[in-house]
Every structure is written in structure tokens, then in C-alpha cells.
């Protein structure tokens, strides 16, 4: 009974925030709701006796991906100004219909199949030690591959998001982090300041 | 009374559809990415549920799959958001219906 | 007798729970722990604020607060009262919901982090298999809270402060986690009680077998403490709330009780990470010598904990604030590579595990220290030159 | 003291660490790089000494192994390991000592190079890889180190990569040795397939031990040769490439474009000897079975190379190239020694040769250094007075290489090989080939020494000024090497064959008797006569030449212009390769090009021509009145195209929608069955 109540609570939490993440107007709210939904999923993993996965989910999704999304939202803020711009795409009704169709297509077989209405076997745990051993023996190649993939993704992300030199001259850029911004240039020295137009005059025919 | 396997599967289906609906209907590329992440999470939930309710939980296959899937999701989010930022720099917009120059 | 004193809290807990009906006993046990933790660390927070102000005062050649109560010890009460009765101002343009949720989102997870720390023998609330992963997973959610606070205030100082804080916390989380990995390798467990257990015993009969007494542990401890200072936004890494440039950063628009909650959250975060440092590096609740083992284990934890808190206060009194670019460079170009090198040092230590004799131990130390010294010097030189070095201010001279 | 096998891994790891650290150093940190490299090498040498002495003990035969699992893969794992036996120990001593001396020598030789730091980084990397080969107890580890050696050799030959010749030589060396390495790789895979392990020694389970060898000998493959022979030959092809044996020797002379210490270390003493070492290491496999065909192949290739390279050396003019061909020839001797006489015979020559050949190379380097980069022996002369130290050591090296009797190491080791060749039951041709090679060796070395050191000093060309003696940091290693070049020979005289007993584990006492045995005496006499004759002939021909002006033709060229031209052009092997292999490659490329341009392009053109014709027909039809139908078709096409274009409208969300739609339709179809 207790288990069922916790399941329904977490499931409703997750679903509500997932819907909020997809439907709120303000993008920052969407991102934060998504983080809450991810955290709810982590709780569901805990209920399913997979604490390691739950913590990993929390660490990666809430600690990293949500933050990334928030940063991306702030870095692309210029796009959403203007009160009357609609957030939904023009044919959103069709999209919603397809989404409902997909839900039906998945949920129908689940609900109609009797073999899925089963109760959990009493004990199934994923101890950290076992996971570590499996990662180092049976899954060592996938692990290495994931390492390479993450490195490649990191380098790729840096290269893609790198500001090209020609876009903005170096030193002039004001990032969100450095509040004092680009430093002003030194004041003109008396010699050059005294006759600012002489040089121009010489070059003119 | 404990929840049945189908409870988790239905929850996963709902999450998947919500993510799908968001990815299809919202204009912002970032929201679409969040939708994709939700869909991925729904799939992960399926794996964990089947592992927990499956016949051979000692093999840890579902857990392993989800761990790798989470790592993949991290990579995907990093690259995807970098692309979004890069696109924003080029086009000053991340609205998906404005980004349709690749067409027949 | 010794055992009694050692286990006094555990025994008390079970004795009290005995009065409750059997059905709710697990809940009562948990409740006891929660109440205990909140009492102890809530008071700890009050005590630390006053002690910090007094110690800072002494170090700056002044007295510090001494008016309220004996030796000014009731100052925190006065402060708390002031905070609560002050008006709670919410700016007009602020995002009201997030503005309200942010302090809660910061404080609640921090309380959760205490649940895996072993404060003494058999004294951890949750015996989690992956305790340290839980700790970091919980810790990473405080970044979102800080962001919520900064963004919802709709104030550019707050936003800049929040973004700085998030960038800083993400950057310093990397060396923080990397510094703990050698520990996990050495203890071959992610569970904090197991890690403490792995540090029992003595090397050569007198030196406690704490991880800080190995080259990689010492380096890891230093890295961990630096990263922890930055994680908890304390001086010299307190740029996000730098009063002189950002008017307290993401806290600008907070007042009254919400402000106090932020304050509480920050100090609790500091306590949690300090407790983790004690657990990982300083042998947790183990005594430093075999003839001192009669003193209860939680006392040892408290002593080490207090010493580290004093260290933090001392550092705050000593060092000036860093510049933003120096801060990021320091994390990515110095701490992270050094933490990676530290992994190899731990590996070398582990590979040479067969050398037990004093001479062999000395050789291992030399090897580890040498392996660390070279990149330390080299990376340090890199920091001193170039963009992150000294800057000429044309108007300041 | 711990077991030496426990710290054996440190020997290659220390230089590797030095290489890694100096790779991170800035270019100006010359002192650091040099002291790191030399320091780590010195420690490695001391460790090697310890390992060596531990194998000397009273045990009849010491072989310690240490195996571990590198990583687990599914059910099986990949084991690696290292081995310490006399073969390893003696090679370790040789490689570390020579590396140390050559590192020190490089301090002086590379003093003015701006990439000094990089040079020491590469040298250390090379030494690490070479030591890895030596200690490996697994063909896989050996192969990894082998490829690392190839890589560092490539880097070092191309060290002065701004010279086009050096870059080309580096590429050539890399590609040529790769050809042999393919054989080695295939051999390794086959061995693993057949015996299930690539560990050499594994307490009876290793691939070089009885149980697995027995299995290999039994099986036969294409043409009826035993599997063991086939594998051995494949592995030998790796050795052929690395040791510059006959078909794949072409890279070694060109490799002299690298700095001279590199030539001495890599292309004389250690890396090229790795091939010989490989054969020695795999000797149980090579000699398995009743008819060790592999060993016969080794013998014949060695003997042929010995004579062939010696002949070419006679007509070369570049001081380093002469020694390079001499190296090829001597490597041929070693191979022959392995083939006819077993491990100890070949390895003994390897060790002595390593000392005197690196001595010669370093001497040549000293000469080049003293002559400001001049390498043509015709432009040198009279250096005997100007560079006394270099001359003295060079003379010792020459005499050791020629095999001047009794006091020089080359005599004893070459004698061993010749004796074994004479007793070879299958054929006596290798013996005579070897004897002829010995004659030519003495002859060309005399020619070279006459040209370089005797006669009048050559007129200084350009603004270089006269030649000068090299600094002490270069001459002292020369002196040490000279001492070894003399002394190393006494380890393996017939009187006291310590080397043989050390490597094979048999106990052979000190006795004077074999020296006076009839056949032995005769052979020693014979080789003495051959060497003496060559020396005398060389001196007669070249001693006056040395004092005449340099512009004249070589006396040999005067006497036999055609033969000399052939020899000078290295018997046109390079040209032969250019004419066959490379041309075949080019021809194939040209053929592909032709296919592309003529056939495919023709086909396209044909189709387009056909289309033109059709269009013409179409137009005719159109003009004659089918205009309406054509217009209709056209409109239909445009309609379809437009419809297709609408589908691909660049809106990802619409794509996603279609995906979702089709997915759900499929699901529903699966649930309710197809309509």
C-alpha cells in the first residue's frame, strides 16, 4: 500500500512537471520544471531498487544537463523578446494529435497484454560492487567506447560553440561572467591627441 | 500491494508522449531538446522496470543499459546545446520554424 | 564503559524509540535522527557565525561582537530575531514563485546531504551503498537553486552573481570529485562507513592509517579543501556575492527570513563538505593514536570538524578575493590537471604496495612527492604568466 | 633485495617516463631534457646490471617470468608479461650501456641543434620501446614495442624533416619495415589461433614450450609445410624488415639521413639487431620439427645478404653509407650464425658487433662533426694527425669489424659463425659466401680508413676551416666503446666459451685444448689469411690514392668501370623496386584513372549521347504534333516533383510528426493485424 502511494505520488510529480516543462511559456520555467521531472524519475529509480542509477540520474540530469539547458536559454535570450510571439509552432494542433496517437499506440498494447500485469519478484538489487565489476569485465569495451564518445562530444561541443575570431574582435567581448566588460583603451597620449587630423591630412591627395 | 509492471510502462508511455508532444509543437529548439531528453528518460524507465520485473535481475543488463544511456544523453545534450548556441550566433534565432533552409 | 560512551546516542535513540508502538518504530528512529541532526547542526550554525566573527575580529586586531550575552555569545539569537521580524521584500518585477522557492531549494537538499555522513561509530542515518555518489548528486542540485535565486530577482547584479556562482560551482565540482576518486580506489567502496573503516589501524605502529598520510591523500586533501572553499562560495572564492562589485550577487533582492535561509544553506553546505573531508581524508571518527581510543568516536569527529572549520575561517581572514578569470583558470588549468596527476600517484602508491619497511615507505613517499612536485611547479608557472597573471591597471597607479 | 623480475618493468618504464616528461618540456629546457634522459638511462642500466648478475648465479639455467592480465574481455583475457633469462639479461646490458654512452655522446653532437629537447625525448622513447622488446614475454607486448621502435625510428630518421631527403628516408624506412611487420602480425595472429596464447613462457603453457610446439609441428598447411614453419617464416619476415635483410634492406642506407648518434644507436646497435633478437627469441619455434626449414631460409638469406651488402659497400663514397652497408652485411652474418649454429653463435656476434659498430658510427660522427658536416670520404684525408683520439678508436673499431686475429672481438665472433657454417651438414655454400664477405669487409674498411685518415689533409673547402678534434664528451664514450670492442671478444673464445654456456645453460669449462684442435686451428688460420690478404690488397691499392688529389677517379673504378657502377648504384635494387613494385602501383593507379576517364566517363557520355538522340527524336515527334501529350507529361512531372519538395520542407518538427504517425500506424497494424 505504502509502495503504491509513493509510486503514485512520484509518478504524478514527474508527469506534472514533464507537462509543465513542455507547456510553460517562460523558457527558464520550462528548464526548471524539466529538472524537477528528472529528479522525480530519479526517485522512481530508487523505488525500483536501482539507487546507483537514481543517483547517476540526479547527478547527470539535474546537476549537469539542467544547468546546461539553463545556460543555453540565457545565452539565446534575444530570441524570445516581444510579448506577442507565440511559443507554439503553427501546426501545433496536428502535432498534439500525433502525440496522442503515439500515446494510444504505446499504451493500448501495454494495457491489453496480460503478461505485463505482474508483480515484482521479491529481491532484485544492483549493488555498486557488482556494477563496478561488470563495467570492468563484461562491459569494458562499451565503457571505453563511452569514454571516447564523451571526450569527442566535449571537444565537439567546445569547437562548435567556440566564438570565431572574425565574429567579434578579441578583448571586446563582454561575457555574462565578466561584469566589468571590455576594458577601455588607454587615453591618447598628448602627442597624438594634439593633432588628431594631421595624419589624415597627409594621406589625402 | 505493490505497483504492477504495467504501471511503470504506462507512466513511461505518458512521459514519452508528453516529450513527443513538446518536441513536435513548441517552436524553441531548446524546448524540443528537453522533449527529446524526456523521451529518452521514458525509455530508460522502461529498461529499469523490465530489469526489476524481469526473470533474470542478476544479469544487470537493464541497469547497465541505462547507465550507458545516461552517459550518451550527457554527450547528446552537450553537443545539441552547443549547436543551438552556434545557430543562434549565426541566425539570431532558435525558432525551429525559421530554420528551414535545408529543404527540397 | 567505553562502549557505552561511544554509543551513547545510538543507545539513547533505541531507548526512546522503545516507548513508541512497534508499527511506527522505524519512523520514530528516523525522526530521532532528523531532530538530532537539525538540532546539532542548527546550533552549530549559530555557534559558527559568532565564532567566525570573533575569530575574524581577533585576527584583524579588534574584539568582535561582545555586547549580547556573556562574551557576546547570544549575538546569533539577536541576529536571528532581527532577520525574522524584518519585512520580507519581493521586487515588483520578480518572478514571485521562483523567488519564493529558491531559498527552500537550496536548504532542503543540503539537509539531505548530512544523512550519509558517519558522525561516529554506527552513527550514520542512511547506510547507502553509493553514499558518496548520493552526496555529490544532492550537492549538484544546489546550483539550480542559486540560479533560481539570481534569475528570479530580475536584477542584473543578481543575474551576473548567479551565473558566476553556477560557473564556479560547476568548475570546482570537477576537481572536488576527482580528488575523491583515489580515496574510492583505495577503499574500493562508495559507501562512507566503509571508507572510514578502510582508514582504521596504524602504519608502522604509530602513524594512523588515514588517507591524508599518503602523498596522494595529502595532495587530494589540499585539492579537496580548495575546491570545497569554492563550492561553498567562501573567501577567497566569494566572487558570486562580492559585496564590493556585485552588492552581494544573487542575494541582492533577498531580505528577512529568506535571506537567513540562504545564509543557513550556505553554512550547512560548508558543514556537509567539511564533514565529508573529515570522513574521506582525516580518518572519520578514528582516533589519531591507539592510546586515545577510549575517547568516544563522535568526539574525534567533532574535534576534526571544528579544526577544519577554523581552517576555513583562518583562510577567510588571510586571503584576498580572486579575479573571475583567475578563478576559472585556476580550476581548469591547475586543479583539474593536478587532480588527474594525483590519480597516477595513487596508482603508483598502489603498485608499490609491497614495500612495507620504513625505507620502502620513505621511497614510496619520495616517488609520490616527486611525481606531484613536477606538475605542480610546471602548472604553477603556467598560471603566473599570460592572461591570468598580474594585470597592469593603467588608472590605478 | 627483491627478486629482479619484480622490478624488471621499471627498466623500460623509466625512459618512457623521461620521454613523456621531456615531451612536455619547453624547447629551452635543454639541460632538463638531457639530464632526464641520461639519468633515467643510468638507472635503467644499474637495474639491468642487477638483473644480469642475478642470472649469473649458481643455478644451471635461470628463467623467471612474470605474467599478468592486461584486461579482461568477455570470458578470456589478454595476458602480458615479461621474462628474465640470459638472453634478456645480456641484451638488457648491451642496450642500456650503449644507449647511455650514446646519450652522453649526443650531448656533444647535438649541442647546436635547436630541437635538442625533442631529440632527447625521441631517444628516450626509442630506448624504452627497445627495452620493451627485450623484456617482453608475450608476442603481443613484443609487437607493441616493435611498432613503437618503428615509430621512434621514423621520428628520429626524419628528425631534420626540413631536409626533403630526410623526410623521404623516414617515410621509406617506415613503409618498408611495415611490409615485414604485416608478416609478423599475421604470424602472431596465426600463432594465437593455433596455440591459443602469445605468451612465450607460461609454466609449460606458453607458445614456445613443448606442449604447444608439438601441436604446431604436427599440422601442415599449403604445400605440405608444417604450420610451425609457416608461422616462423611469417615472423621472420618481420625480422627481415627490421634487420634490413636482403629483399627489404633498401631503407637502411637511406636512414643515414638521421643524426649520427641515431644511426649508431638505432641503425647499428639496437633496433636492427631487434630482428636478430626476435629470431633468437623465437628460436624454439624456428627450430621446431624434424626439418627446420625456417632455419634454412634464415641461413640462406643471411649468407646472401652478408656477401651482397659487403660488395656494395666497396663502391660507396659516403662515410656513413659504407658503415650502413657494412651493418647490413654483419646482420646477415648474425642471421647466418643463428641459422647454422644456434642462439649463442648469432647473439655473440650481435653483442660484439653492437659495440664495435656503434664505435664506428660514433667515430664517423666525430669525423663529420670535425669536418663541419662533410660526409664524402673523397673530400677528407689526413685526419690521423688532426683527430688522434678519433683515429685511434676508429682504427680499433675497424680492426674489430675486419676480424684481425686474437685481440679483437670481431675475430672471435665471426670465427664462431664461420666454424658453425663449415660444420653445417646441408650445404657448404654459406661458408664460402661468409668467407668472401669477410674478405670484402676487410677490403672496404681498409679503403675507407685510407681515404679518411691517411694521406694529405684535404684542402679546406669554403669557409669551414681545418678539421678539429671533437670535445671530450664525445671522445670519452668512444674510448669506452673501444675498450668494449676489444674486450667483449674474450667472452666467447673457443678456449673459454663462457657466452655459449651462459646462454645455453651448459657448463663448459676453461680449457686450452680446443684452440689447438686441428680443424679449429685450420679455420683460424684460414680467416687470418683471408683478412690479411684483404688488408694488404686494400693498403696496396689505396695508400697512394689517399695522398693524391681527390678529384681523380677511384682506382677500382678505373679498373672495372662497369662493375663499379653497378656496385655504386647498390646493384640497382632501389631502381628495381621502382621499376616493378612502385611502377605496378603507379600502373594500377593509372589504370584506375583510365577506367574513370575512359570507361565510366565514356559510359556517361554514351548515355548522354543517347539522351541527346532521344531528345532529338522527341523534338521531332513534338514538332510533328505530339505537343499536347508532352505538355501533359511535363505538368505531371512538375506536379510530382512539387509534391516531393513539399514533403522535404526543412521543418524538423514535421518530420518528427511523420515519424510518430508512421510509428503509431505500424503499432496499431501490429496489434490488430494487417487489414
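Labels A, B, C and D are assigned to the chains in the order they are written; within every chain, residues are numbered from 1.
Simple rule for what comes next: a residue touches a chain if its C-beta (ideal position, glycine included) is under 8 Å from a C-beta of that chain, and two chains touch if they have at least 3 such contacts.
Remember, it's a predicted structure, so these values are computed and weren't measured experimentally.
Contact with both subunit A and subunit B is made by D.
Two chain pairs are in question, A-C and A-D; the one with more C-beta pairs in contact is A-C. The distance from the centre of subunit A to the centre of subunit C, each centre being the mean of the chain's C-alpha atoms, comes to 27 Å. In terms of their C-alpha centroids, the spacing between subunit B and subunit D amounts to 54 Å.
Subunit D has its Cα centroid 58 Å from the Cα centroid of subunit C. Within subunit B, residues 20, 24-25, 96-97 each touch two or more of the remaining chains. Residues of subunit D in contact with two or more other chains: 653, 657, 660. Counting only residues that touch two or more partner chains, subunit A has 52, 56, 64, 71, 89, 95, 98-99, 102, 106.
Those residues of subunit A lying in contact with subunit D across their complex are 89, 91, 94-95, 98-99, 101-102, 104-106, 108-109, 112, 136-138, 140-141. On subunit C, the positions that touch subunit A within their shared complex are 95, 98, 128-130, 133-134, 136-141, 143-144, 147-148, 151, 159-160, 163-164, 166-167, 170, 173, 189-191, 245-246, 324-325, 328, 394. Across the interface of their complex, subunit A is touched by residues 1-11, 13-22, 24-28, 30-31, 33-35, 37-38, 41, 44-45, 48-49, 51-53, 57, 60, 63-64, 66-68, 70-79, 81-86, 88-89, 92-97 of subunit B. Partner subunit D is touched in their complex by these residues of subunit B: 20, 23-25, 32, 96-97, 99-104. The touching residues of subunit D, when paired with subunit B in their complex, are 644-645, 647-653, 656-657, 660.
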